[in-house]
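Following are the structures in question.
Look for chain A in each of the two complexes below; its partner is chain B in the first and chain C in the second.
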Partner chain A sequence: MTEEIGYTALVMAFLLALYGAGAAAFGAKRQRPELVESARRAMLLSWPLISVAALAIIVLLVSGRYDVEYVAKVTSSTMPPYLKVTALWGGQAGSLVFWSWLMAAFASAAGLRRWDRDRDLLPWVIVVTMVTLAFFLSLVIFVENPFRRLWLDPVGNTVTAFLRPAGARPLVPSDGQGLNPLLRHPGMIIHPPMLYLGFVSFVIPYAFAIAALVSRRTDDRWIRVTRRWTLVAWLFLSLGLLLGGRWAYDVLGWGGYWGWDPVEIAAFMPWLSGTAFLHSVMVQEKKGMLKHWNVLLIILTYALVIFGTFLTRSGVLSSVHAFAQSAIGPMFFAFIGITSIVSVRLLLDRWGALRGENQLNSLISRESLFLLNNFLFIIILAVCFLGVIFPLASELFTGQTVTVGPEWYERITGPLFAGLLLLMGVAPLSAYGSSSWRLLGRQLWVPGALSLVVPAGLLLAGVRNWAAVLGYSLAGLVALVTLYEFWRGALARHRRHGESVPLALVRLAGRNRRRYGGYIIHLGVVLMALGIIGIELFQTETQGTLARGEQLSLGQHVLVFEGLTQFGTPDGREVSRAEVSVYKDGRFVGRLFPRQDFYVAANQPMTIPGVRSTLEEDLYLLLVGWEPIAQQGATFKVFHNPLVNFVWLGGLVFILGTLVAAWPDRETAPVRRRVPAGAWASGD
Partner chain B sequence: MDTPIASQVESGGRAKFLIGGLLIVAAVVYLIVSSTQAAAQYYLTIDEMRSKGGQVYGRPLKLAGAVDGDSIAYDSATLTLSFTMANVPADLDVIEAGGGLAKVLHDSLLDPAASRLQVIYIGPKPDLIRHEAQAIVTGELGQDGVFRADELLLKCPTRYEEEVPLQVVEG
Partner chain C sequence: MRQPIAALLLAGFLAASEPPALVSAQAEEPTEDEVNAIAKGLYCPVCENVPLDVCPTLACKQWRETIREKLALGWNQEQIEQYFVEQYGDRVLAAPPAHGLNWAVYLIPPAVFLAGAAVLVGAMRAWRRPPVDHGMSQPAAAEDPYLDRLEEELRARG
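What follows is the complex of A and B.
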């Protein structure tokens, strides 16, 4: 019964989405507002319907209905209830439903906003969001149905089908396969929803951009309306990437957090184009320039969002994120192709109307530096894309598959990221319009000179890695310039309003949230750069087999193997846990318990590192092997990861800055009730 | 619409930006070419590698194969993992036609004619290594015919149709 209800709800939502898109387009063309209003209501109804379907899946998952293929694939009886619920996005079919659910929620939220000033945009926002929604729903309805059940046909073969095939008997496995133990980690449970939230919320600014093109509104209204959506999208995407990194660091046991894996890159690419977009819209708002470019960027971001969902869910590329291959690949490809062609065609049609209102005339004006920033982001994006398609492209052109790995990406993008850091240091001091080198130089020389303390200090301390010296110097420059900006602003308020400096700082950031939120994000990037350079360039490792009481040393640390215990757990794990004492500079600093959990049912071991974390460094210890009988000896691998916690700390500052920038302004909040609600205005 | 003077200024300004942009693009192209020469790897099947003869020695390679469970040996004292893997086709269409990755991996290990390769990897034993896993190794082929991997990636497609009937409760 549950599966019938769920599937029917999906089909109804799909039909409603198709109706909504059609009615909105027709209503806009024929000037029939009542049709557009009807489409809007259809859009609002799609979310509760998909909620019913998602709830149906959750009910099936929690009640252990293993005769449903999806339930048997992603859950097992030993899994705790919360993991059964989150298994909604643990497999392909469920995660597509989850994607659709989020899409419907965001579309509804957009549908409920006050539309009085932008009524001409509404129908086309409905069309874009509902077409996107219909596409994802069509995947789950026609190809990846999460409600399919298992059957035994008369010949004895297992078949999967939603309706009972002729002569088949239902097949009820006594237990499911369960979620891959590697994925049973808090970071992994919230990482996919965060990424999806980021992906889905980028659809909204794209929808407004397309709506502006269709309705020939050439002003920056679409950008102003969607500024917060874009920041929210960016926030979630950033959070998703950070959580994914943290999961890899905690679980995958290679001592790193980012492996330039195609699926990671698939999530990183829309982030790159989105970041470029966030910067370049400011130029359009301030100077009325880069209008074509902004539309193009949001079209690109939308395509990358769909491409990202496709890559994570189709298994076309070899990756640690091993998901099953399925027939949805060609459908995704066709959808990306069609939407991109239609969007670009529309942009070309409106090209003349989107002329810039100003010209770039100085290489070092604020707008030129923003353009350069965009250029670098897009080059990094192109490099990532090239890396992902390198195997496919090389095979196509040379018949020989050639792949590229982390080293390739790091060699190319390293200098580009350094360029972005340099821009972050220089751009905040530049002026809009005509700027001169002298003007910029006058602003820059004090922080520039002060930041030379960093390389001098590093060289004195004996650091001879030129990449690290350069990177830290640039990070130092950014930090100084950003803090200088805060200080200058706070001082001005202090003088003008007589506020105390801390109060002036808070008010300063509160008054111009986008600017100072942005600066806080820049400081977060500086902290992350400290960590990334630290672990990338100064990570050390060693390994060794120790008998009880023996020791292993790495740098200033000495590790002593104290013993090994083995025990079973109620949730079906066999745990082998080592106890290791850690000494730093000869002083005892604590004990670590690296362990290996063997999931008996899944026949899979999982290595859990013992980590001693301080702001300065992580000592990351893996239990690699042991003598099973005597339990006398064990083998360890140790990583020393200097400054790695600055990556996470910087991530937190980064998120904080995004929140400051995205926080609703008081200025735009006053209720605009002057216009009486029209026949098809919002507000049911 | 533009006066001649204005358009002159404009084109002069544009040239500056064009040259700047081209310089950056040239630098990036140089970076891509040099990094590709230094860090790209050929992705081959075991059969393809064998057919290349001597020219594969000492070059960075990436190979995929099916792990033979009986051959997995791990010396935890030296962290040396050794295993044999059998040739599997790389082409996704061929894999799909062969009944999916799990089936292809299974079949290639049963096929006595499938070419095999011994792999040695130094490091922690990966959690996912097991019989019929797909291994993707990056490293170099030694003159002794043993592949020394610096990187080992494993994928375990689940053969769920086979496992489920064992636990069936007819309903």
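What follows is the complex of A and C.
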């Protein structure tokens, strides 16, 4: 019964989404506001319906209904209840329902806002969000039905179907396969929802952009309305990437947090285009420029959101043939193609009316530097896209699969990221409109001169890695420029209003949250850069097989193998856990317990590191192998990861800055119509 | 797509196919770090995107043993990589070798960069108009009335 309720709710939501899209478009074309209102209500109703379906899946998961294929695949009797609930997004069908649920929630939130000033945008926002929702619901209704049950046909074959096939009888396995062990980590429980939230939130600014195009609005209203949506999307996507990195560091056991894996890059690509968008919209708001570019960027971001989901859900990453054989892959491919073509066609139709209202006065003005920033982000995006696509293209055209590994990405993107750091150091001091090298030099010389302390200090300390010296120098420049911006602003308030400097800082940030939130984000990036450069350029490692009491050295650290224990756990793991004493500079600093968990049912090992963490460094110890009978010898791999914790610290600052920038405030800015409404006609 | 079992069998076969006498003939056993230095740049066909030096599967463990044996025989990194390429194809390498279609991954990024730079320069030139001489320098513009005032204050301070 539960599955019937859930499936019916999904079908009803799908029909409502189709109706909503159709009624909104028809209502807008025929000037019938009652139809648009009806569509809005359909949109609002879709969320409770999908909530019913999601709840039905959770009930099935928690109650151990192993006759349902999805439940049997992602849960088992040994899993704790909270993992059974989070298994909603642990498999393909459930994650698509979860995506749809979030999409409906965001669409409803958009539908509930005050539309007084934007009535003309409403129908097309409904159309875009409901078409997107209908697409994802069609995947779960027609292809990846999470309510499909297991049956035994008359000849004894196992079949899956929602309705009982003729002559078949129900198949009820005694237990399920259980969630992929790699996904049973707190980081992995939160990571997918964060990414999905980020993905789904970006649909809203895209919907407003398309609505502005269709309804012929040339002002920057769509950008102002969606500014916060975009920041929220970016926040969640950033959080998702950070949590994914932390999960990889804690669970995957290879000593790092980012492996340039296609699944990681699938989430990174919309983040890159979204970051470019967040910068370039400021130019449109301030100068009325880059209108085409901003629409193009949000179209690109939307396409990459769908593409990212496609990459991880279609099986295409395993093999192009797997993609061709799956029904879901071609559907995604078609949807991305159709939406991109329609969006770009719409943009081209309105091209003439979207001309900029200003011109570049200087190559070092703020808007020029933002353009350069966008250029670098898009080149990095293109590199990532090539790296993900090339193995598939190679397999398709030559039959040869190839690997595009981290070294390729790092070699190409390293200088581009350095360029972005340089821009982060310079752009905050540049002016909009007219600017000159003299002016920029005057602004830059104090922090620039102070930042020379960094390379000088590094060279005096004996660092001869030019990439590290350059990277840290740029990070130093960004930090000093950013702090200088805070300082001069706070000082001005202090002198003008007599406020104490701390109070002036708080009020300064409070009065222009986006600007100063952005600066906090820049400081977060600086901290992350310290960690990334540290681990990328100065990571050391060694491996050795030790008998009990023997030691392994790495730099200042000595590790002594004390013993190994093996035991089973109630959740079906066979655990082998080593005990290792750690000495630094001859002084005992603690014990580490690296272990290998073998999930018997899934036949899958997991290497869980033992980590000694300080702000300065991580000592990251892996149990690679051991002698199972004597338990006397074990092989360890140990990494020394300098400054890696600055990645996480920087991530926290980064998130804090985004929260400051996205924090709601009263909307006071008037709608800016820089171009007469009639100008649209010239572009048609 | 090769199946995991087939890869395991192949790896096992390769590991077992070296004559033990040859291995023992080498005076010095390669260290695990020497093995990992080569394994770091190799990927087995089964464990997607996990380099060989940290992959926990049995197949990868056997590959590492093969590397150890080859090192003991005096093979260098290039020979060992070539050996795995001949057995499993180019996909075992961390980056596509520069031949045929693979050139694309090395040529497209600089080409995209140059093309993008050309478009950017073209766009900037098209948008640019002669700079207006204001007779004095202007500091960074503010983004709201408050910051306009703030900038005025900063200007006043010189």
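Basically, the second predicted complex is superposed on the first by the 645 of 684 C-alpha atoms of A that agree within 3 Å, B and C clash if a C-alpha of one lies under 4 Å from a C-alpha of the other, contacts with A are read in each partner's own complex, and residues count from 1 in each chain.
By our rule, a contact is a pair of C-beta atoms (placed from the backbone, for glycine too) under 8 Å apart; a residue touches a chain by one contact, two chains touch by 3 or more.
Note that the coordinates shown come from a computational prediction; the quantities given were computed from them, not determined experimentally.
Participant: So, A:255: does it touch chain B (first), chain C (second), both, or neither?
Facilitator: Touch partner of A:255: chain C, not chain B.
Participant: Is A:488 in contact with chain B, with chain C, with both, or with neither (first, second, both, neither)?
Facilitator: The answer is second: A:488 touches chain C but not chain B.
Participant: Applying the document's definition of touch, where does A:277 land relative to chain B and chain C: first, second, both, or neither?
Facilitator: Neither: A:277 stays clear of chain B and chain C.
Participant: Is A:496 contacted by the first partner chain B, the second partner chain C, both or neither?
Facilitator: After superposition on chain A, A:496 lies in contact with chain C alone.
Participant: Which partner reaches more residues of chain A, chain B or chain C?
Facilitator: Higher number of touched chain A residues: C.
Participant: After lining up the shared chain so the two structures overlap, which partner does A:124 touch, if you call chain B first and chain C second: first, second, both or neither?
Facilitator: It touches nothing on chain B or chain C.
Participant: Have a look at where A:158 lands relative to chain B and chain C in the superposition and call it first, second, both or neither.
Facilitator: first
Participant: In the overlay, answer first, second, both or neither for which of chain B and chain C A:289 touches.
Facilitator: Second partner only, chain C.
Participant: Looking at A:169 after the superposition, I want to know if it touches chain B, chain C, both of them or none. Which is it: first, second, both, neither?
Facilitator: First partner only, chain B.
Participant: When the two structures are overlaid on chain A, which partner does A:405 contact: first (chain B), second (chain C), both, or neither?
Facilitator: Touch status of A:405: both partners.
Participant: Residues of chain A that sit at the chain B interface in one complex and at the chain C interface in the other, please.
Facilitator: Chain A residues touching both partners: 253, 318, 322, 359-361, 363, 368, 371-372, 375, 379, 383, 386, 390-391, 400-405, 407-408, 412, 543, 545, 605-607, 622, 624-625, 635, 637.
Participant: For the complex, give me every residue of chain B touching chain A.
Facilitator: Residue positions touching the partner: 9-10, 13, 16-17, 20-21, 24-25, 27-28, 31-32, 34-36, 38-44, 62, 64, 74, 76-79, 90, 92, 96, 100-101, 123-125, 127-128, 130, 136, 138, 151, 153, 155-158, 160-161, 163-165, 167-171.
Participant: Under the touch definition given earlier, write down the residues of chain A that touch chain C in their complex.
Facilitator: 252-255, 259, 261-262, 282, 286, 289, 317-319, 321-322, 356, 359-363, 366, 368, 371-372, 375, 378-379, 382-383, 386-387, 390-391, 393-394, 397-398, 400-408, 412, 428-436, 438-439, 442-443, 488-489, 492-493, 495-496, 511-512, 514-515, 541-545, 596, 605-607, 622, 624-625, 635, 637
Participant: Where on chain A does chain B make contact in their complex?
Facilitator: Going by the criterion above, the answer is residues 67, 72-73, 150, 152, 158, 169-175, 177, 182, 253, 316, 318, 320, 322, 324-325, 359-361, 363, 368, 371-372, 375-376, 379, 383, 386, 390-391, 400-405, 407-408, 411-412, 415-416, 543, 545, 603-607, 622, 624-626, 633-635, 637.
Participant: Given the complex with chain A, which residues does chain C contribute to the contact?
Facilitator: Per the stated touch rule, the residues are 1, 31-33, 35-36, 41, 43, 45, 48-51, 53-54, 56-57, 61, 89-96, 100-102, 104-105, 108-109, 112-113, 116-117, 120, 123-124, 127-129, 131-132, 134, 137-144, 146-147, 150, 153-154, 157.
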